[in-house]
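Remarks on the structure that follows.
Here the chain labels run A, B, C and D in written order, and each chain numbers its own residues starting at 1.
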């Protein structure tokens, strides 16, 4: 099976997730700069989640640039990834409603961890399907970043119980790690 | 007529249906794990509906993998299928608002049954248009699963009046039946 | 310029319009069949608007099946059409909220009339750009249906002031007229 | 990397932004023409924002018509543009809720200015990646319109403090400037 429809469907879901979040930004009644202050935490969490979805889209885009075919398992693994990502707007709005509290930040971390796991599974299944394709094996074999980020998420979740800001910092480190997508893939394409 | 735009439009509608449901998950006011408990049934029905839409997308994807052309009737049959699927978020939120009650579960069953009928009609019309194409005839001829699932939906709806949980179990059996899409199609593509 | 991105964008907008309307169907608090009765008019107007958007998508799909290129004017004419269609959910929810009243039905008629005009302009501009293409000229030259439907909308709007049901019947007649898209185009494709 | 998925994702996001705004038009309770009067400013700001997103889509469409490849930086520059555009519905609803006031119009101007900057950066990065492609250099080299519009936005923001209507007029002038997309690109395609 070709990858084009899987990509189109994923693009659609990610485009909606990224824009649904902006609907939680409600215009204040008053027309002053002060009226924007209570919206600020919602805005900050919108920005962070936008970046997160952006990172996933970019990496998903890279992952399927050199993938040539998919099977039924990959379709479901992709659906599984989209499921966890679709919970990000909920986690965002829960965090955004007040200053940082333990439970919502832990919850956000769990969603991020599960998204990471789902991406890892998807990655694995694509590798397995292209066993005979040497270039794909080379371009995708290195999964250290995936292991490291899953570990960091778990550490972040644990650190939330010390202080939620420590957890948030861990999630941020993972984000920065992934802003630059797989360089090996870009090399291969060239 | 080619199938690409029908696929793109269906992908768009299904992507929106699947993500609209998540908007019904409203972040609780309190920042405790207990605050998530009342959202749990809404969450469970979100998961189930996500899987259902996922199944339809997977099967729709398989159905159009080897379909080569469409006509006006197929465009409308597809629109008809999307109509019934678009009612799933409503049915989901009705079930989700409280513990299982007879009427919403029956209603959910009717929507699922009608979606099944719409998919069956679409399948039929594609078969008819490709009458001279032997491979498509072979790959798509077996409609036993469709007949069985429509029967199970009807049984499920009837069993709701005994207890809604029995109806829900019937719907679940159909879902499991369809998680693995048409193997014959995958063989044909290879 | 090629038509593919114009088609993709239009598909996206129409897919969202068609599914946004379903969000206005709010699940009732009670779990009885009677609780569905007050939602019935909203449901009926959802069905009608779904069919209307379906008709526009089908005809748009036909219009661009044999269109080979677009220019800046066509991009804007298409945007203009999408603008009027984007107002259908608003008109739908206004009608749906109560039994048929003069003003909302007149308003709905105006939106439908303006959508018809926008489609007519788009059609014209495509014809003009393909002046040297004989088959497109033949397939698209007949615009009688467009003239007739614009006349029927105006008659419908006028009749609303006698009784809104008469206006609604006029709109329905136009819908039935367009359910079967341009047969000439299908012939040409074959 | 090819441009098709970047285009599809951008189309999805822009399609959602343009239609999300219409959800802020809530049907009035009464069924009279007078009931539409309080919605009028929201409607006007919907029309203007629709035109703005339309302009960006048209120009984005032109920009990628002759772009042949993208890199990681361009993916992020595009995401950055979509981020600012995604804030337009919020700015629209803030302006729309009452008659023109200084702060929301200034805010709207900032969003428009930042979108302009993001588009400029995207444009630059595409130029840089296609350094060896003479036709792209010729078609895209002229960025006077971009400089002029950024200057006009800043002037508009400043003039808001005299009277918000003056700011709004400045934004409108920029919009009119961009309604006709890059003619050089159209020439090149022919």
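Please note the rule applied: contacts are C-beta pairs under 8 Å (C-beta built on N, C-alpha and C of every residue); 3 or more make two chains touch, one makes a residue touch a chain.
As the structure is a computational prediction, the values presented were derived from the model and not from experiment.
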Rotation angle superposing chain C onto its copy chain D by C-alpha atoms, nearest 5 degrees:
90
With chain centres defined as mean CA positions, report which chain is farthest from chain C.
A
Looking at chain A with chain B, do both copies bring the same residues to the contact (over half shared) or different ones?
different
Quick one: chain B and chain C, Cα centre-to-centre, how many Å?
26
Any idea how many Å lie between the Cα centroids of chain A and chain C?
37
For chain B, residues that touch 2 or more chains besides their own:
8, 12, 15-16, 23
Residues of chain C defined as touching chain D within the complex
1-2, 5-6, 8-9, 12-13, 15-17, 20, 23, 71-72, 75-76, 79, 82-83, 86-87, 89-90, 93-94, 97-98, 101-104, 107
Note which residues of chain A are touching chain D in the complex, please.
7-8, 11-12, 14-16, 18-19, 22-23, 25-29, 31-33, 35-36, 47, 50, 54, 57-58, 61, 64-65, 179-181, 186, 189
